[in-house]
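Below are two complexes that have subunit A in common, paired first with subunit B and then with subunit C.
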Partner chain A sequence: MTQTGPFNPQTARRHRVGRVWSALFLGAIIIAIIALGALLYNIIDESFGLAAIENRVDPDSLAIEGVPLEDLSKEQLTEILAAHVSAGLLRRFENDQPFAERDRASVYALVLERVVEPQIQATWSLTDSLFRREQVLTEAAEKYPQAKVEFRSWLTPTFLRMPQSSKPELAGVRTAVLGSLWTIFITIALAFPIGVGAAIYLEEYAADNLVNRIIQTNINNLAGVPSIIYGMLGLAIFVRGLEPLTSGAMLGVVDATTANGRTVLSAGLTLALLILPLLIINAQEAIKAVSNSLREASYGLGATRWQTIWYHVLPNALPGILTGTILAISRAIGETAPLVVVGASAFVALDPSGPFSKFTTLPIQIYQWTTRPQDQYRSLAAAAILVLLVLLLSLNATAVLLRNRYSRSV
Partner chain B sequence: MGISLSHTFQPATEHNGCAVEARGLEVHYGPFRAVKDTSIKVEARKITAFIGPSGCGKSTVLRVFNRMNDLIPTARVTGEVLFEGQNIYAPDVDAVEVRRRVGMVFQKPNPFPKSIYENVAWGARINGFRGNMDELVEQTLRHAALWDEVKDKLQQNALALSGGQQQRLCIARAIAIQPDIVLMDEPASALDPIATLRIEELMRTLAEEYTIIVVTHNMQQAARVSDYTAFFMVDEERAGYLVEYGATREIFTNPKDKRTEDYITGRFG
Partner chain C sequence: MTLTTDHAPALSNARPATQAATRLQKRLRLSETLIQGFLFLCGAISIITTIGIVYVLGRESMLFFASPEVTLVEFFGTTRWQPAILQFGIWPLMNATFMTSAIALLVALPLGLSAAIYLSEYATPRTRSVLKPILEVLAGVPTVVYGYFALSFMTPLLRTIFGANTVEIYNTASAGLVMGILILPLVTSMSEDALSAVPRSLREAAYALGATRLETAVKVVLPAALSGITAAFIIAASRAIGETMIVAVAAGAGPNFTFNPFKAAETMTGHIVRISGGDLSYDSIDYNSIFAIGLMLFFMTLTLNLVSNEVVRRFREVYE
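Take a look at the complex of A and B:
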């Protein structure tokens, strides 16, 4: 089309510039996808693969009258255990929990751990296991002639069920998962109401004056403070300062002489502090996004400020507030640094039973495992990362479901 | 309809057909004077139209009557607004109670994102309505000429209605709490001509029971629907003020002020 007058539209050039930019944006997305893919590949590669396993005692030799080990009764298993371990060790098991009270699964686990004692000599990555299977098998046969080479998934139901253990073959993430869940529960229970309350105050009540502007600026800045600083704060205030409360000694829940403040409660409080600014800012944005015409309609009918907030502002802001909460949970569940400072235990074999328990969390557990030199722990860490990802995704899914339900009903 | 609500206002004694009166009204937004020295007596059970060019403060004056300007932190109202003999800006008067008696309909239809039923019932409920709610909702919707269109879908979300229906629902919502005065801020400006016509018809019926003050940019609408017209102008400092106020027929056929004449004949504005 011919252009007339004092115009030089340069349409072709303008379109070209647009195409260059869109290609750049596409490139950014592709890089992001590649990075994410590489991460997932790495984790999955470590979580599954061939492993050379050597048993101290061949389980087949433990079969009684042709009945394989895994089908034996509790009594038979107890006998096997008694025959293979020292009397002192047996007494210790009895002291932990009398055999009469143990169920079959618990005795079976003991037999596996103490008698069969499977030991993983080497592991191979999933890629090697699939594409270099022959080489791996010959290599294993040369180096570990006694070992049985089998395909092993590190992410198994047993891995989820078992507590932490010093033997990588038997170690699981149950204590860490429960620790994470307890911590997150306390964090959300504290941070959600406080955060939303603060956001309502700042958006709906606070006058635009110097004090409130300083508060607002501080909240924005706190959202960017490195999390380890919050760990220091938690250590000083919750673990040390409020020790009688956070250890449970004040409430008489635990023995005052052994009580210390390094508990689930301290961790929950610290993480609550950490995500509070995020929650407040997100909730404020959500409240701001509620259209003013809705507020005017409410006031115009003779509603008080509180009625307007409760019946109109909050229900309409809730989807946005829940989205903010999703982000905050994701942040909190992945936090490691502040919990290390607050005193997450490196090795906890007992499930946390309440807010005053010693604890560990999944990220801490992963961190512990990755610092070990043996290959097996690397695979454990990879499997634990998968568990963490699934936990994170299911928590987020819950929040998304909640959000969708609320946004439909308002 | 037999509703008794406690309120701080004196019972109507002598207001000679005047529903609300502003005396020496000035409105400031921070340092900016938006409305200067305006006095006006609004007749009861009539429709009064506020017309004038954009930015002349007519919406601001409208919002003075139910203390809607209180919601703007920087707004400051001076002068007196007498409703049933009492200044609604006196320190002991609660704006919440004023708004129960002086309802409002906004420019853009803004029903609550709830059911149609709940839109009408909510205002009554929070104001302590003790009668039969179903009856109130039906009566109000009939009043607002909306009943036949929505009677089968009272539980549906109000946002599913058309724009015109939404605005009539907003009017229903406003009259459900049985106010004395209904303020309308350009109620039809977001609607098509047919929906506009229906709103105007509705205003005429409602004027039998309620005092209506309507801000409009549409001169024909003011001429068609109102009994009285107030013409506002804006001075060099952008402060709005009342130029002329009288019976609509007078204003449109025989304006006393040259500026009014210029405006309604379309010579400026």
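Take a look at the complex of A and C:
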């Protein structure tokens, strides 16, 4: 055919251009995947690795009759402690909590902290520890001749059990995790009923009038407000304005550790307001998805509006509502900025005991460790991030499972 | 279905014909009204929240501007922010916010849109089902983790590439690049929704005219989805401006009026976090100043969100 002549070269060129661009489009996704990979690699790389540890007293020298330090009984540990620290310090420990009431773990922790006093002089990343091991060892031997170089995992069961400490070797995330759990508990208790209630109102009751349109638009806009603004709202209203309530003074239960209104309760209230728009929008989607024939069948049988909602709409929308709620909660768990503004404490070594305690949360702990210049804190932050990511991942996996089950049943 | 027990009375009531039915209608059911009232209150809480935000930010900002040390002209007209010596010019903070956001958008918009085009126009359902969860994981990582990533990975990387002398330990480039990764999934998922909403018939018409896949995607599908994509871009900008933890960790802790992305500079959000994280006494000028910054932030993001809604509403192409 004569006509194909002039077209052919152009067609080939067009297809070539198409191939180049499709590679570019795919490249964008690959870049995103590489970024995710780099993020995970970076965190794992910092969480494990060689560390040069110097002990003030060699733990082997503390062994009694061949029994190593970590297997000694509480009484033996107390004796070691008494032998190595001053009488005044011992009295202070006794005053904090009598030794008779302390459990073995807490005495062991004291012995480690006050007698052995391990100090991490330097840390190396996992990559260095694995592939440049010899160089690291010679470097360590030169710089820290006293220190023992050993492979250290920062993420250990001890790390989960120990409270925050001023010594990075002994610090853990216990207070932070408990603080997060308390805060999230309050957040859910408030946000879930209110969020679902608002969604029911907007989907099932609200007539198309001005007030309801304003509510709907307003919820959509609130979802786009930066989280730090909620923090400022919480600071001005909950921490400052409602201080008698949030500090527990109104109920006569002021916690000994409380710093004014900067409590778990204030944090929970702030986060509840923050995730409310998200929760309402998700719940609305779930309620919308319930087919109208169900409602009509229920009305047809003489059920009232609420009976219809309670017995037919809600049970059918529940998996969707729960999925949305879990996603909103995982957002709240990772939220940092508003809680810094509301006044999370920089250093909390005591477990939160209720809604009126001072608090810190896992992301805030990560933030504080990240902003310290020393390497050890970098590793602590990485280990805490792993804890946070595992927590979030399991929550999200639950949401995905729920969603899959739900979409199959419809 | 487990209708039986609870609805049996309702069924037997309905039997004695129309009279009973009309009586049922007239009877005021107190519990139903109460429930409806409670649910309305739940909805109204969102209004109260908005009023609360505007009131709190407005009131404290008024106090800030009413204090003798501060004037509106100084606030918007000077380039030094040093509360210690009572200098309150917003521009260093605004400038840093614009710099980090611009860098983030430079990363996120082209990459996000490309990824969206690939997912919606090229990928097989199987590939999509693998790739989408990865993007969702990226979107689910808390921002403080990205802050850590910026400080302990991106900054050293930039320092190796450009030299440790040019790149400071805290810099806006690193924060901006990582923020770009953070908002990339948002751009992708919103753009992909817009692209997928374009009806198949348009694509098929283009193919029938001999267009290649690229030509169909770029010249037919993309223009048809333009309103949704624009909205995605605007929302992304709003997210970037309000993003806090990455810049608080990696961009620097001191207001600095500079256009050099390798220098440290504190953003508006970063400043709020640093000031409120320290010892803050109520009604001090520091306390009030962060609310003035917050008010600016609120208006900037609100405007962007409203514009994005308006774009969707006005320019959306509706297909049958």
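Note that the second predicted complex is superposed on the first by the 359 of 410 C-alpha atoms of A that agree within 3 Å, B and C clash if a C-alpha of one lies under 4 Å from a C-alpha of the other, contacts with A are read in each partner's own complex, and residues count from 1 in each chain.
Heads up, the rule we're going with is that a contact is a pair of C-beta atoms (placed from the backbone, for glycine too) under 8 Å apart; a residue touches a chain by one contact, two chains touch by 3 or more.
A quick note: this is a predicted structure, and the numbers were derived from the prediction, not measured.
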### Which superposed partner A:316 touches (first subunit B, second subunit C, both, neither)
first
### Query
Is A:376 in contact with subunit B, with subunit C, with both, or with neither (first, second, both, neither)?
neither
### Task
Check whether A:207 is in contact with subunit B, with subunit C, with both or with neither, and answer first, second, both or neither.
first
### Message
By residue count, which of the two partners contacts subunit A more extensively, subunit B or subunit C?
### Response
C
### Query
Just subunit B (first), just subunit C (second), both, or neither: which does A:296 touch?
first
### Query
Which of the two partners, first being subunit B and second being subunit C, lies in contact with A:247: first, second, both, or neither?
neither
### Message
Under the stated touch criterion, which partner chain does A:307 make contact with: subunit B (first), subunit C (second), both, or neither?
### Response
both
### Task
Based on the superposed arrangement, let me know which partner A:396 touches: subunit B (first), subunit C (second), both, or neither?
second
### Message
If we overlay the two complexes on their shared chain A, which of subunit B and subunit C does A:360 touch? Say first, second, both or neither.
### Response
neither
### Common interface residues of subunit A - those touching subunit B in one complex and subunit C in the other
301-304, 307, 311
### Query
Which subunit A residues qualify as touching subunit C in the complex?
14-15, 17-18, 21-22, 24-29, 31-33, 35-36, 38-39, 42-43, 46, 193-195, 197-198, 200-202, 205-206, 212, 214-215, 218-222, 224-233, 235-237, 240, 273, 276-277, 280, 301-307, 311, 330, 333-337, 340-341, 343, 346, 363, 366-367, 370-371, 378, 381-382, 385, 388-389, 392-393, 396
### subunit A residues touching subunit B - in the complex, by the definition given at the top
207-208, 291, 293-304, 307, 311-312, 316, 410
### subunit B residues within the subunit A interface of the complex
66, 68, 71, 73, 96-97, 99-100, 103-104, 106, 108, 110-114, 122-123, 126-127, 170, 173-174, 177
### Of subunit C, residues touching subunit A in the complex
3, 6-7, 10-11, 13-14, 24, 29, 31-32, 35-36, 38-47, 49-50, 52-53, 56-57, 60, 110-112, 114-115, 117-119, 122, 131, 134-138, 140-149, 151-153, 181, 184-185, 188, 212-215, 218, 235, 238, 241-245, 248-249, 269, 272-273, 276-277, 282, 290-291, 294, 297-298, 301-302, 304-306, 309
